[in-house]
Every structure is written in C-alpha cells, then in structure tokens.
Amino acid sequence: MFEARLTNGSILKKLLEALKDLVTDANIDCSEEGLSIQAMDSSHVSLCAVALRSDGFDHFRCDRNISLGFNSQNLGKILKCADNTDMITLKAEDSADNLTLMFESKNQDRISDFELKLMDIDADHLGIPDTEYKTTIRMPSNEFKRIITDLQVLGDTCTIAVTKEGVRFSVTGDLGTGNVLVRSTNGVDKEEEEAVVIDMEEPVELTFALRYLNFFTKATNLGPSVVISMSPDVPVVVEYPIEQIGHIKYYLAPKIDDAEE
Amino acid sequence: MFEARLTNGSILKKLLEALKDLVTDANIDCSEEGLSIQAMDSSHVSLCAVALRSDGFDHFRCDRNISLGFNSQNLGKILKCADNTDMITLKAEDSADNLTLMFESKNQDRISDFELKLMDIDADHLGIPDTEYKTTIRMPSNEFKRIITDLQVLGDTCTIAVTKEGVRFSVTGDLGTGNVLVRSTNGVDKEEEEAVVIDMEEPVELTFALRYLNFFTKATNLGPSVVISMSPDVPVVVEYPIEQIGHIKYYLAPKIDDAEE
Amino acid sequence: MFEARLTNGSILKKLLEALKDLVTDANIDCSEEGLSIQAMDSSHVSLCAVALRSDGFDHFRCDRNISLGFNSQNLGKILKCADNTDMITLKAEDSADNLTLMFESKNQDRISDFELKLMDIDADHLGIPDTEYKTTIRMPSNEFKRIITDLQVLGDTCTIAVTKEGVRFSVTGDLGTGNVLVRSTNGVDKEEEEAVVIDMEEPVELTFALRYLNFFTKATNLGPSVVISMSPDVPVVVEYPIEQIGHIKYYLAPKIDDAEE
C-alpha cells in the first residue's frame, strides 16, 4: 500500500510539465524515504532525476518499495484536470496495475478521482556519482529561461562561460552572434531569490545543445531559482529546487570541439 | 418591418459564439413575442433552441412574423465587429433579402452598419414537448465547462449520474478512468450563482457524447449558471438562462448501451 | 564610426515589428541628422519611410554617412531579445560588415551584445514630394487598427470617405456590406490623443487594398495617434508619429475604378 498527499498539489502538476516533453515513460520509485524518478530523454542524451522527500508530504505511507511505471503524457493529461489549488492524493496497491489520483478542491465541493493504467518499464536506477563541481551558479530561474529562449533565435549551440564577474552565454549562427552577460550580484541589495550568486573554484567554459537546455527550462515554474553546476569535461547539472520537498535535476554532457579554435 | 435594439449588445455576440460551431444555417423567427432560433447541429444529433422575449429588448417592433435565414459563421463574423459595450440594432424589411445590423458605441462616436445577405432555409419549427424532468441540476456554468473540458482528455463518452449528494461525471478511456463529483451546496453559505442545487425526484444516470456537451459549453459566457434537466431515456436539456431576456437550450439524446454492464 | 543610444529601447523593438512583415531588406541610412529607412514592400505596392532625429537619441554620433543593409526578420529576431525596459545602443564601424546591438537592463545586471551580419542592398533613396493634402485625419491608432481588422472579414477593398462629419470606412464582399463611421470629436471633452480631428479643404473618397492598410497597423504600438492624409488620385499617407524622435510613414496608391458606379 502506497499513499501520499500534497496540500499544494500544483507541485505535481508543474513537475509533469517539466518532464513530459523530455521523457516518454518512466518509473516513480516509491520507498519510505519518498518518491524518485530517474529517466533519460527519448534520444538518450540527457538525464532527468526527481526526488521528493516523504517528510515534505502532508501524509505519506509506503509499506514496501514499489515502482509505478507511467507514460508522462498520460499522467500529465490527468494532472491537468487538477486545479492549482487542489489537494492531490496518490494511491496504489502493492501489486498495482493502476495509480489512483484524487483531487480535492479547497472547500471539498468538487472531488475527482482518476485511475491511470500503469506500465512495466525496464529501467535500472543509475547511480549518479556525487561530483564536486568547480563552479556553481545560482540565478533566477525565469532569467535563465529567458536567456535560453532568446539565444535560440541565433543558433542551436550555446557556450556557458563562468568567471568571477558573471556568466556569459554565447551563441553563433547564420545571422550573427549573441552574448548575454549576467553579472554576479554584489552585496545584499537584492532579494535572495533574485540574486545571481557564483561560487567558483576555477573558471569553466562548456558548450551545450540549446535544444536540451530549453527542455530543462520547462521546470521554471517549480521555483524561483535554478542552480547550475559545471566542471570541465563532465555533464552540467541544472537543478530546480522544489521548496521544502525536493528537486528536479537535469544532466547534460557538454559538446566536444573537434577543431581547436 | 422588424426592428429590435439591445443596449447590451454583447448578448448577441455571445449567442452567436454559442451557436456557430454547432449550427451551420438557421432561421431567426421574429414575431411580436420576440425572437427564436431552432436548429439541429450539422450531424442532426443535437438540437439547439434560442428564445429572446420582446420585452427584454430596449426597443422591439415586429409588424408581421418573418423568418430571417442566416449562415451562423457569417453572422458571427459581423457580430465580432461590434464592441462588447456597443448597442446593437437589428433591422429587416418585411420581404427582406438582407438583415441590417447597426452597432453604436456608448458615446456615439463610432457608428457601424452591416448588411448581411439572408438565405432561404427550409426548416420546420419542431414542437418540443414540455417534459417534466425527474431531476434538475443548477450549477455554475464555468464549473460545468471545466469538467467537460477536463474529461475529454480521457475519452469521448461521459456518464452523468445524479443522486442527492451530488452529480458524478464519469469517463473511461484508453489511459484510464476519471470521475468528478460535484456536491450539492448545503445551506446558504454561497452566492446563489455559485451554488450547486439539485432538485431530484429520483436518481438518474445517463450517458452522452462528450463532443456535443463540449459544443454546448460555448454558451458559458451567456450567464453564471447552467441548468441540466434529465429523465431516463429522454434527451437531456442543457439550458443557459440569459438574464431578463430569455435562454439558449441544447437537447441531446442519451447513448443506449447494447450490452448490460 | 556610428553610435546611437536610446534609453527607451522599446521604440526600436516596436519599429521592427512595424516593418518586418512588410519589408524584407532595407538600409538604415545614418547621417548627422539621424537615422532614416526607406523601403518598398516586397510586392512594390506600398512604401514605408522611417525617420528618427539624432536629437531624439540619448547619445548620437555619426562621423560620416553610412548605409547599414539589414534583413528585417533577422534584426527583428535580435531586437526581440531586448527587454522592453532595456537601453539599446547601436554601433557600426565606418566600413562595417556588422551592426552591433547592445542591450543593458535598467540596473546593469544583464548586458547583452549581438552582432548582426549586414548586407549590401541596392536602393535609391526616393525623393518623396512634399504634397499638400486636401484632407488630414488624426485619430486614435488603436481605433484605426480595430476598424481595419474588423472590415477584413467582409472583403479585401476598403473605401475611405472623408466629410466634415467624419470618416466612413466601407467594404463590400460576398457575405454583405459594412460601413464604419467615425465622427469628428467636437469641443474639448476628450483627451487630445483620443480625439478624432478632421482638417478638410474638400471631401475626399479613395479606395485601398485592406491587406496593406492592415500591414500599416502593425505600427499601432508606436504611439497613441495615427494621421491619415489624402488627396484625390495620389497615395494616402498613414503616419504614426513617434514621440519626440520621429515617425514612420506608409504610402499606398489608391485603387482606380475601371467602371463608373
């Protein structure tokens, strides 16, 4: 028996929005510790990992570990039927073919329940090594989204270069070149969540496919900040913390330049 | 000579929005009592009936009964040119080939007139029997629209079951099942137009094509409430009252289950 | 060396919106007096002329006259990356292959620079004769846009007739006819920019292709008013003044009726 309730059900709605264009099928792995999802995108280029801690739920019970295989478009369609202010409860029997979703409006005058057919998905939970990154940037998530959206008009490859002064996003394409420099916020003249904070051991410069960075920004609504961690030659981590319950992290390997420039 | 003026012209705009996707051509039947429109949808599955009483108009004159045959897409296009705050006047000669529409802005600084070519439409005015229904639900029109929109993601057939506790809308489809229960509002803790009121002689459960229910919800802007009347084995009536002037009613026959479940 | 800075960078964004669907390629002609653009639309039916005076910029330097040939879709894409509140600086070397655009956010925490590849465009600057018009209408730009948009549902040719009482826009098409009369504002009971002011030496009636008038209304965001100048048998001028810096003017020849009606 698995049962989990979130008063702020919109977190689950936003989470599926953040997953469904990138990931086709995935497992929700349920255990005493909470829920986790780990999935490659359909082209097997990027990896997406979600963790929601059990103590972040208003009610959480998981008698034994189970994996609930879902199609993310279908789960997304059902979650769209929940209002942003609805309380959402997830339920499944131990050997379940269905996931039950219950949506309750604030004043209990509308109660919906949906049964989603589950699927058997063969997926190994990859062990992601706990890397120390050379540089970490925290910046407003909507600012990051905006830059990625803007730069896509110019080309499909983006270089992210971090120095103490700031982060530079650069694109070169047929119609010209573009650079956006986001400066590190000095002092405390800004709300914490609007700040750009750079924690840097050494400067790093990596190049990525904009198409995937753009998929990652679908998670923007999950929180005010995004944390980007980079080291030379290893995948970037783009993390969206989800307040008091967990996070969604995206991993993307940098492009390797054949030619020295 | 026919002439009718509505200070609140937006009613006519909304009415055409409620008709134009369902009905291709129809007659406006004008008499001393007012205007009425009755038309089947293009697949002859559902029936739509509009009544606007002459006393609801700011000015109304109809010397002799006439039928004005219109194409609803074309009339809709012309009414889109009226501002929501415009006063609208309809005019036609006794043997008219054209319907004249005049739109006057509040301060009279813009006056538009349009001539719509009329058509000869062969249509018998059906006598709709004045049925006593076993159950009648009044609920907020936007809540009804929302449920119909939501459930369409799951399937194309919806069962509406009414009991004293509330109304249950249910759909079963490839990806799973969904139920939305709307509870009857108890007491007077709600604005009248936000209330869900169930007037029930006996429980009724009928099944309908969601596609048509969805067409009906195009009338949502006409008023805050929708009234759904059902009896076993007869068409449901989905009525949107239009304040102080009339209503639009949609009739849809229930689906008949071949197999007993 | 050319350099020009506008604190209100949104003017340039709106200007490209007003150009890019009508004009494919054009030159920005830079001189001490300011910037000007003159271009035919791609079907060579209408002419568009932009003038921005140097004294309207916050900083302006142009050492010698140069022409910067641009593709308007591409320049539009880059300007979309500027925020509405950004300060925009344009820069080019004397024999430039690139136009540099710099966008600075209000608090300097985001600085973007883009290089747009320039093109060689063969274009003679046409001398537009300084005509005296028989009639000039000033009216709210959004009102003009609305009328043009509305009338397009009825047909593709619009007659504009000016008398002392007002301006009448008329269209005839398959589904019927439409007339919109905008009355001249009497007295001072209206904000200046909401007024309709007709300056008329003699009544004028001309007929135009709605398709082009519709293109012109893309400039609506540039200011609250539009000024329409007409004389018999010469092109209409549709001018959108741009506050304290210049204007965009569109020229369109009237249609000639073969048949007398």
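Per-chain residue numbering starts at 1, and chain names A, B and C are given in the order in which the chains are listed.
The rule we apply is simple: a residue touches a chain if its C-beta (ideal position, glycine included) is under 8 Å from a C-beta of that chain, and two chains touch if they have at least 3 such contacts.
Not measured: the values here are computed from a predicted model.
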item: Starting at chain A, fewest touch steps before arriving at chain C; value: 1
item: Turn needed to bring chain A onto chain B - CA fit, degrees, nearest 5; value: 120
item: Fraction-based call for chain C against chain B, same above half, different below; value: different
item: For chain B paired with chain C, centre-to-centre distance based on mean C-alpha positions, whole Å; value: 44
item: Numbers and ranges of chain A residues touching at least 2 other chains; value: none
item: Contact set on chain C toward chain B in their complex; value: 143, 150-151, 153-154, 175-183, 185, 196
item: Chain C - residues contacting chain A, complex; value: 71, 74, 77-78, 80-81, 98, 108-117
